[in-house]
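Both complexes below contain subunit A, partnered by subunit B and then by subunit C.
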Partner chain A sequence: MSKAYIALQDNEESHYIVEAIEEDNPTATVIYQPAMIRIENEGSLVIKRETVEDKMGRDWEIQALHVNLITLGGNVDEDDDQFSLTWKQ
Partner chain B sequence: MTIEIKTSTLEPIRHTFEHTKRRFGDKPASRYQEASYDIAPEQNFHYRPLWQPDKELFDKSRTAVVMEDWNVHKDPRQYYYGTYVQARAKLQEVTESNYSFFEKRGMADRMNDEVKAKIIRCLVPLRHAELGANMNNMYAFSYGTATVVNQGFLYHSMDRLGIAQYLSRIGLLLDGNSTDSLAAAKEFWMSDPAWQGLRRYIENVLCVEDWFEVFIAQDVVLDTLVYDLIYRQFDEAITEQGGSDLAMLIEFMQEWYKDGSRWVDATLKTTVGESEHNRETISRWVAEWQEKAVADLTPLAELAVGEGAIDVCVEVLNKRLAKAGL
Partner chain C sequence: MSNRKINMKEKYSLLTRDLEWEYSYRDYKEIFPQEEFEGIKITDWSKWEDPFRLTMDAYWKYQAEKEKKLYAILDAFAQNNGQQNVTDARYVNAIKLFLTGISPGEHQAAMGFGHVGRQLGGVGARVACQMQAIDELRHVQTQIHAMSHYNKFFDGFQDFPHMHDRVWYLSVPKSFFDDARTAGPFEYMVAIGFSFEYVLTNLLFVPFMSGAAYNGDMATVTFGFSAQSDEARHMTLGLEIIKFLLEQHPDNVPIVQRWINKWFWRGTRMLALVAMMMDYMLPNKVMSWQEAWEVYFEEAGGSLFKDLARYGIEMPAYAKTAIAEKEHISHQAWSIFYNYGHAAAFHTWMPTEEEMDWLSEKYPNTFDKYYRPRFEKWREMEAAGERFYNPTLPMLCQTCQIPMGFTDMEDPTSTSYRQSEYDGERYNFCSDGCKDIFDYEPEKYVQSWLPVHQIYQGNCGGPDIEDVLGDYYKINLGVDNMDFHGSPDEQRWNAWHNLPSAEEKLKRAS
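Up next is the complex of A and B:
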């Protein structure tokens, strides 16, 4: 299996997203790099709108992820409530 | 020749303040956490206040409610000064454009006199009640413990002042800037039997010493009833009578109430959940103030909406209390 990964700019907003990802993907590894936060997980990685909203304390749209997105790896499945990365092999 | 580009990672010496680190662990903290938690001092005060020498500044004994640690509270909106101001600026921008649209299209002239008179009698006097709410929240802000709780009261308090100003502007829009409606509304507030109950209630709360009781009486009990009565039921009633354009002017209050309720509910729930003692104390306050509020608001409810309106408000309040575990 390969790792699904996502990298976000290291800023105030991303911290909430990272916190939400950590909660929804307990096995994920978070790597703090200069000005960038990379999160990787074996097989799949999911970002849920509800969890992020809960962390931020305000409404948040999945598309807003792209504001802070640097790169990602995995097959994308995106709808209004979640954004997931998986490797279909 | 090949050039290999390498990045070297410099570990920051510290991620956040020591006191934030002690509470949340050694990781980058959010601005909200840094600006809100463990800010107000709790010990090593040099002097006791001259005006209350038996207590210290930020003394926890100014309320009967007991929290092991007041800093366990959290504002779900995560407002500190910066985010609060941004959120309100956004809301206000929309409201200002609504008000100027209302004025530009001369919508006040399209309302009949009966509807205007009803708005001036049932809505505009609320600006005095909002000023009372401003002072009550400011009181809780001044005497409360822990920044994370206090700042919520300060924001709530300033919002109430803003709402009072918007209510005044509604009056001015309806009377063509002559201030007649404001004078009439003041008269209703001071002597109209329908308003005397609410005025008495607000004035009684102004005299309460326990700041958490003030929070319960004002933000939990009274506001739940008044906001449901005026900004939902009265809004519907006046729409039926041909005053639907009023909706543009009170949208701020409706949106604000939704936003503010999240903080009120969270603060209530955390405090009630702390201990059986808190639950009992708060239930007692709720029962006392609810009884007064229902009796005091009934005449206004009958005037503004009609028979039975107050019962609907009480149902809304009971649902809200049940959610907080009361």
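Up next is the complex of A and C:
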């Protein structure tokens, strides 16, 4: 299997997103590096709007992810409710 | 009228596909004259899927937010004399190389996507290229803006666009983008959109920028990550173009594979600059070039190529060579620049004892065996007042334009050297990868503007090399170039931090 991954800037907003990712992807690994947070998971990784909103306590649009995003790996699928990365092999 | 809020997919469809119209009074081929000559077959542009589904209104909204965050930090950095808080003035030389070598490439990419976006028949691809062209323009602007602050306090930043078009090592990234921009639109997309953005830019913008943060350079890490957040979208576009081309027609597969082979190798060669920035120019180390390569090429690239295997796409040719080179490339590139430190617009130096120990630990198979003895010799020569500068001009590879300083991976002590003949002339290459690229399109690469040839032909001023460096390159001799030790940069830094000068240190020691 291949690892799907996402890296976010290490800031306040990202901390909530990371919390949400950890909840929705229990097998994901979170790696803290200078100024960035990298989260990886075998095969796929999903970010759900509802979980992030729950953590932040306010409305949050999936596309707001762009503001804190550094890089990613995997095939992207995005709609109003979730953002996912998957490898198909 | 209903007030129902449309969802992302509908909005994307309305704001991209719906902007297209039928061409009723002009022939399609007249409107998109470059779509066929590369041999790529497109049967249905409507199959194009942009996974990010970003529309222009959302694009402006989020880009504006990114810019506000970025400029708040750049302002804070300038107001608080951030330049004094980087780990060490040597570090700033990596930023000089970034401004002169990398930022102009962002501008080239903006021009390239502007052009290609006009040439593709599918509206989804055109809109994506338009956004990417604007992104790239944003990158070059924010990078110049961020680094202009350093220009007030350090040497070597002042003439970056002039230098980019002339200086020998800057011809490496310049010729890379020139090559891509003079290719057809689909090759450009595979070159820059896929091979460079997806497979290689992480190596520049992720571990190096994390390293900038670790060295106290708040300005650089911020523009770097702000740029890379766009790159995540570009990577996705790059992957999309590949999948789209491969799904459109089986005849596209070998063409795309050849482009991947070519551009992976060209990109890998260019990244030798980034390898030495990581291993030699960051005083506080985050990870070695080898470690970064393993995470971002071997692991991430490996997943990508496994995913593409279902289309019949294989790992790039020469990936094996590039993987073997990960233990050598940064040391060899730094040696080249140390040799020609008098001809560069930034400073070079020999690593300290501690830094050499770090390199030994990170490169257990190669550093002590091949590089440490040479570096120790150079350090001795410097201590004896005979800092080594290579007085000759190097032979350059006809394709990547890097001096022939890389070695054969089967025998890492002998120079890797290949030749081809074309039209009665002999051409020289640093590798099989670069030779193959030439052999496939010799009529393109015989026209390469090779800085050393141009100097010998008298096209860069002269007659002496100082005239070329000073008048033609606009390097401030004795200021921008030479070793870091003894440079005005070092003197200013020591004065800011009340550190003893090199002379004072010597006096104290004796």
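Note that in this section the second predicted complex is superposed on the first by the 89 of 89 C-alpha atoms of A that agree within 3 Å, B and C clash if a C-alpha of one lies under 4 Å from a C-alpha of the other, contacts with A are read in each partner's own complex, and residues count from 1 in each chain.
Assume a residue touches a chain if its C-beta (ideal position, glycine included) is under 8 Å from a C-beta of that chain, and two chains touch if they have at least 3 such contacts.
It should be emphasised that the depicted structure is a prediction, and the values quoted were computed from it without experimental measurement.
Engineer: Let me test your reading of the model: by the given contact rule, A:Tyr16 touches which partner, first (subunit B), second (subunit C), both or neither?
Structural biologist: first
Engineer: Scan A:Pro34 for contacts with subunit B and subunit C and give back first, second, both or neither.
Structural biologist: Both partners, subunit B and subunit C.
Engineer: Kindly classify A:Glu78 by the partners it touches after superposition: subunit B alone (first), subunit C alone (second), both, or neither?
Structural biologist: Only subunit C is touched by A:Glu78; subunit B is not.
Engineer: Which holds for A:Arg58: it touches subunit B only (first), subunit C only (second), both, or neither?
Structural biologist: Only subunit B is touched by A:Arg58; subunit C is not.
Engineer: Show which residues of subunit A both subunit B and subunit C reach, each in its own complex.
Structural biologist: Dual-contact residues (subunit A): 33-34.
Engineer: Show which residues of subunit B lie in contact with subunit A when the two form their complex.
Structural biologist: 7, 9-10, 28, 30-31, 75-78, 87
Engineer: Give every residue of subunit C touching subunit A within the complex, in rising order.
Structural biologist: Touching subunit A from subunit C are residues 7-9, 51-54, 58, 62, 65-66, 69, 202, 205-206, 209-211, 213-214, 221, 225, 228-229, 231-233, 235-236, 239, 286, 299-300, 302-304, 306-307, 309-310.
Engineer: Which residues of subunit A touch subunit B in the complex?
Structural biologist: The touching residues are 12, 15-16, 33-34, 56-58.
Engineer: Would you pull the subunit A residues touching subunit C in the complex into a rising list?
Structural biologist: The touching residues are 2-5, 7, 9, 33-36, 62-64, 66-80, 87-89.
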